[in-house]
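Just so it is clear, A, B, C and D label the chains in written order, and each chain counts residues from 1 on its own.
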Amino acid sequence: MNLLIGLAMGFSLVALASSRLPSVIRAAAFQGMILGTLPLVLEEKFHWLVVAVAIGTITVKGFVIPNLLRRALRAANIDREVEPLLGFVPSLLLGAAAIIGAAALGNELPLRPEHAKSLLVPGSFATVVCGFILLMARTKAISQVCGYLILENGIYLFGLLLINSTPLLVEAGILLDLTVAVFVIGIIVDRIQREFDTLDTRKLTSLRE
Amino acid sequence: MTPGWLLLIAGGGLVAGIFSAFKSPRVWLAATLTGAIASFSAAVWMLASGATWNWQPQFVIGGEALHLQLDGISAFFLILLSVLGGAATLYSSEYWTDKAHPASAPSGRAWWNGMLLNMGFVLLCANGLHFLIVWEIFTVCAYFLVTRERQRPAARAAGWLYLAASHVAMIFLFAFFALLAARTESWELGPMREHAELAPLFWLALVGFGIKAGIFPLHIWLPSAHANAPSHVSAIMSGMAIKMGIYGIVRFTGWLPTPDSAGWVVAALGVVSAVLGVAFALGQHDLKRLLAYHSVENIGIILIGLGFAMIAASHGNAAWGQLALAGALLHVWNHGLFKALLFLGAGSVLHATGTREMSRLGGLWRAMPWTASLFALGATAIAGLPPLNGFVSEWLVYLGLFDAVAAHGHAAFAAILAAVALGLTGALALACFVKVCGVVFLGLPRTEIAEHVHECGWRMRLPMLVLGAACVTIGLAPILFWPALATASAAWQPALTSANALSSAPLVTLGAFHLALATLVILAAIFLWQRVRQNGVSRAGTWDCGYAAPTPRMQYTAGSFAGIITGWFDWILRPQRHGHLPKGNFPAHADFTEHTPETVLENIVEPASSLVLRVSTAVRRLQHGRVQSYIFYLLLGLAALAILAVMGGAK
Amino acid sequence: MTAALDIFLRLVAWLLLAPLLPGIINKVKAWVAGRRGPPVLQLYFDLAKLWRKGVVLSTAVSPVHIIGPAMAWIAILAAALLLPFGPAGTSLSFRGDALLFVYLLAFARFCIALAALDTGSAFEGMGVAREVSYAVLSEAAIITALLTLCVQSGSVSLATMLAPSAGAGAALLAAGLFGVLLAENCRVPFDDPNTHLELTMIHEVMVLDHSGPPFAAILHGASLKLLLFAVLLAEAVLPLGKLTLPQAVGALVAAVFVVAIAVGLVESLLARLAFRRVPLLLTTAFLLCLFALLVAWKGGTP
Amino acid sequence: MKEIFLIALPLVFAAAAFAWPNEQTRSRLLPVAGGLHAALALWLLVNPPTLAANAWFGFDPLARAVLPMVSLLFLVCSIYAVTYLQIRAERKNRIFVTALLVMLGLLSLALQAQNLGLLWVAAEATTLVTVPLLHFTGTARAFEASWKYLLVGGTGIALSLLGSFCLGYASLHGGGNGDLTFTALIAQGATLTRPWLITAWVLLLAGYGTKMGLAPMHTWKPDAYGEAPGMVGALLAGGTTTMAFVAILRVKQVVDAAGGSAMTERTLLAFGLFSMLVAALFLLSTPDYKRMLAYSSVEHMGILTVGAALGGAGIWAALFHVWTNGLTKGALFLSASNIRRAAGAQTEDKVAGMAWRSPASARIFVVGILAVTACPPFGVFFSELKIILATFQTNNTFAATAFLGCLLFAFFGMARLVFAIVDGRPRAAARAPGKQLRETPGVIVPPLLFLALSLWLGLATPALLRDAWSTAAKLLSPTP
């Protein structure tokens, strides 16, 4: 299981490193799918709702959203460069630092014995931070959306700690919300692309003091 | 017919005035005057009876039960409010007509009544919360009255300055009343001198009320506001509104304990305001602005008296304290009366000529004899000259100071300084009003606008007559008003008041002397007049020292008149002089202009505010529209929170 | 009844004696200059003449031009009534009359100034400006002098204030008051009553356009004021209250003569100051009074 | 279980609105729904239902103390919306009306939620449903605004989700069963693991603070309020922020129960004062009167937070302030949007002399500004005075001083801008004829209603509300 989490963290680093939008999207998507499978791994006894949640997650995060973003990308027909505010190497280093810091923080915080071994907490924190880095260090709207996605993934990862304590209804609601959120973001990205004819957020600074 | 009913009528009249203000000016006039008369009689009743009217209905406003109280001090100020309010109301009915100001007159009447009403409530409220409410409402009403002529940028700027300053005052009063309520666990006001821990609150009150009163460094809003408001508004603002600040200080120094240094500080502020106020007044060329600075001066005189009363109260209630207090209180009335008279006079000059610039006026006495003579009366009074009221109050303050000196006590040296400063102030005020009367009313018209002028009608004249009569009455028969002073000072601090105070201030003799002086003066004038008639009069031009073609514009101007004295005060007045002096044997073009700015405003307040603005613009750059950094701010906030939470909090 | 009579007699005394002083001063000046000079009673003749003369009024003037001098004259007279006379004291004395005294003189100044400005002439304007400006300083000086006497006697009424001598600070006080006297009465070195160059004068230029009875009132008022100050100075310095009536009369008359002679000497020995320097001199007078006050404070009586 | 109708009713109407065929008449649904909702809310205010044990949502004292305000706010705004949508007939309003109604339903859900997870779901959903409201005007600026709103607000709300999980884990680790129901969490009390508790508090405060618009997480506010239609701004400033504030209060209750009150109060006070300071600095020189309202809202969120930090009397005053601020702001937003329509611009250099171009709205705007800057006798004066009183009662002199100073500067900024816009001659730039607005009762009465409400709240605060607030305050800080 830790392997999977490690993989997820790896993907967030990939997202940080990749210089072209499609690959960023792909990284986010794969990460989403991996997380989707995690509940099945965690859950010792089989429960149909868990399966439903998992499948939902995988479909939404792995296919729906990436396709949405790709559509926007295609519509935008802009160059697919990421154009970072912060270079790839620094971002990577930051990401690495984030992972270490997250691990440290994870050790700081007391964990229940059954979670002591797992990478859940550090993994989630690390992913969250990577998401933040993407949000802050990229100019293209789409890459920011991916950042947001990765952020959400990190939180979802953390949510798995509580998977068998929080009622699944809440889980479902949360999942639904995240989906709709990214969906709405996708729409807005689409509209922005039409209005401004670009997805470069550096152009979106008409609202200022 | 008890005071309660009278006050009810007064309030009813003013409220009715508000509602009739838009539709029918006549009804408004009638209602407002009724209100003024009713409140006047109520106040007189209370002062005469010396009792205190209390009204505590179980009527809750903003969570506090209403409590109205009319005691000696309130009644004392309420009388002034009624007189000035009534006079200025009548005046405005001709001065600010619907015909001349269709846009601003009707709403102006409503604001006017609102202001009068709330001033009255300020005097009546015995509950901190309600005091704060009506205080602020009256301030806001005054703002809308000052900015009647919104289209004039000057008026807007003046109004803005006034509003800003008043809000600073408001903030201090917020703190004052909230602290008071927090310490005493009740909003109820009343004598609480035994709570020694309340003494420091005095400083908050001093600043809060001092801004409204126009004490020297805090007076920045006053000149422009008084100059740019319609004259009846200037009259009430200068005559009454700033006295509300004095009322606040008197009221709460009477009810609350004060720090030992309080009296000294108040007296010192008084000295500074008095001398510098008149110094600034001398530098002005704008008639109403000049009068406004004289308000600062007279507030200073009041504060000198009050300050020494406080010193006396904190040093075993020395007898001279009561004289100083009586002088201060009487000067509250006097300044209200003659300053209102002067502003109304200035108003009718403005009404007739359309300018406040003294250097463009002159020789107005021919066309407007009433205004001229009444203005001269007011000038004599404000210069503190016998036999008028201004002298009586200053004389009482002087007596207090001299007794303090003679007593060789703590206060003696301070009293010496104050007395000399008072003397200086008197002489300076005399100089200033010689200048005003001479330049505006005497001599020849300097410009053609000063030639074609008209005397004001009776509705503008009558109020001035009433005020002038009041000045004369207080001057000639001061003893009539002593009971009021005694009641008020007893309400301020019973311990300070002694029955035999009157013996140390022989008002009867003074009144008699004034009466004799007045009669003799008039007789002598008539006598000399007759004599001149008998000897025969021949007319000729003014002696021009042989210069062939004198023109009215060659008369001495206000600026050159005040030149010597303003020269002495250059260090604070900072006058800006521009011009070309005549050069060579055949000097061609030569000109000279002088302008005295508001030093405190332009050299202290404005730099400070521009600094704040620079900071603000610098901060606003952070909102530059890049969402990435917005998210970065979010993270920063998170980090700050984490640090805050962990430090001290976690184990 | 007796009180009224008393007042009347004093009035008469003041009115009759006042014009004598300028005559004496002029005599002294003439004597120093080795001239014969005008008779001592010259001013009486002038007044009588002016009283009978017709009046030339400027076309610009208002009634103030005539009423002003009358008012000023009465005010000065009233102030004179407040001054006590040695052991005889004063016929009307009450607490605070000292201040009334000062402000009556101020009132007189106010009236004269308005009457002068009434003509709308730049010269009068100049004169009035100087008059009222210098008055600021001299008034401060007088108030300080009064404070000194108040500290001395612990009283605020002229009668009791002037009865004892100014004590230790007497000399200082005398010097200060003398300066004030010169300034208030527009004598050299502050002003030159003889010059006729308008630009350089204070008092003379104020009355430039007056003539006839009003002018007479002004001149008489001026002489009255001079006498007033002379007496004030004398009584402030000398302990007249402690003497018997004849001694007091003698002392007072002598003192007033001394003052007059001093004025005359100053006028013939000194030249008029440049206007820039005048405030300086007045401030000196003020400071002298202040020092007198401090001295009196140290010698603090009651 | 009547309280469920507070949630269900608007949603039903939303569905109806979505299905409604007629563009013109659809907007009529808004006042109807608003009226019913308000009636129900007030009815519940008068006789509050008993809270079912471990129910997921319920009309508990806190909901009782604020929900009726949101309901009233919506009612008046919906009345305004009818006229507004008539004026803006050129735009399709199906989504707009539906979203408004859904927003009301979600707000009532969030305000009543007794479960942290459910609360988060409702909050996030509110965020999302606001987006179509923001870009109703369909301008490029509107889209930019909603983009920033989504990204910043979304991030914030994500943080609060993480925080909720942390709290859950705190309970799990503390031996609880990770149940996110508030009652359960409070019952668990001190057994909640401290480090996780702190982490949870930090994340939740940051998250809901973003939603509430506390500095420095307020950056979305000026953009959103500046571009949104008037009543949307009013609902955001009065409704959504209230929801976030209630969320923070509920979490605070949990953390306090776990013995973290020192920490919560410290952090809340610091953030409240900081927000006030930042808002005051921005207000001093902002040229745009709609963005000005946003900063003023930031300032008032700061005031609420300070009140919450003071506990007891402070919380009472804060709940009072929720009402007064929300309703007064309503008047400001509506009149501001009138002025916006009349002037065709929203910056100082383009707008002047509105006293002549749209007299009624201009006057309402001026009075509203005075009211919101604590000028008596309007409600805000009383609530702010109560908060100041609380600072003094808790001997928190520094807080009081800073508080008053910020109030002063905020007043300077707002009054300056407003009088510059309302008075004075229109400059050349400002004379450019914007679409002349006919000041029909439809656009004038609603703001007037708000002012009247604010006045009434201040002068004659109904004993019922006082009681509601004090029960809520007692609930939130049991130790007065």
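Throughout what follows, a residue touches a chain if its C-beta (ideal position, glycine included) is under 8 Å from a C-beta of that chain, and two chains touch if they have at least 3 such contacts.
Note that this is a predicted model, so its numbers are computed, not measured.
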| item | value |
| --- | --- |
| Of all other chains, the one whose Cα centre sits farthest from chain A | C |
| Centre-of-Cα separation between chain C and chain B, whole angstrom | 36 |
| Averaged-CA centre spacing for the pair chain D and chain B, given as whole angstrom | 44 |
| Geometric centre distance via CA averages, chain C-chain A, whole Å | 100 |
| Distance from chain B to chain A - Cα centre to Cα centre, in angstrom | 69 |
| Residues of chain C touching at least two other chains | none |
| Overlap residues in chain D, where contacts from two or more other chains coincide | 147-148, 151, 155, 195, 222-223, 282, 286 |
| Where chain A touches two or more other chains at once, by residue number | 132, 135, 144, 201, 204, 206-207, 209 |
| Inter-chain touch pairs (all) | A-B, A-D, B-C, B-D |
| Residues of chain D that touch chain B when the two form their complex | 147-148, 151-152, 155-156, 159, 194-195, 198, 201-203, 205-206, 209-210, 214-217, 219-220, 222-223, 260, 262-263, 266-267, 270-271, 278, 281-282, 284-286, 355, 370, 375-377, 381-382, 385, 388-389, 392-393, 400-401, 404-405, 407-409, 411-413, 415-416, 419, 423-425, 458-461, 466 |
| Partner chain B, residues of chain C touching it in the complex | 51-60, 62-64, 66-67, 69-71, 73-75, 78, 92, 94-96, 99-100, 102-104, 106-107, 109-110, 113-114, 117-126, 128-130, 132-133, 135-136, 139-140, 142-144, 146-147, 150-151, 154-156, 198, 208-209, 212-214, 217, 279, 293, 297, 300, 302 |
| Residues of chain D touching chain A in the complex | 115, 117-118, 120-121, 124-125, 127-128, 131, 135, 140-141, 143-148, 150-151, 154-155, 158, 161-162, 165-166, 168-169, 172-173, 177-180, 193, 195-196, 199, 222-223, 226-227, 282, 286, 291 |
| Chain B residues within the chain D interface of the complex | 60-63, 129, 132-133, 136-137, 140, 147, 150-151, 153, 156, 159-160, 163-164, 167-168, 171, 174-175, 178-179, 181-183, 612-613, 615-617, 619-620, 623, 625, 627, 630-631, 633-634, 636-638, 641-642, 644-646, 648-651 |
| Chain A-touching residues of chain B, taken from the complex the two chains share | 620-621, 623-629, 631-632, 635 |
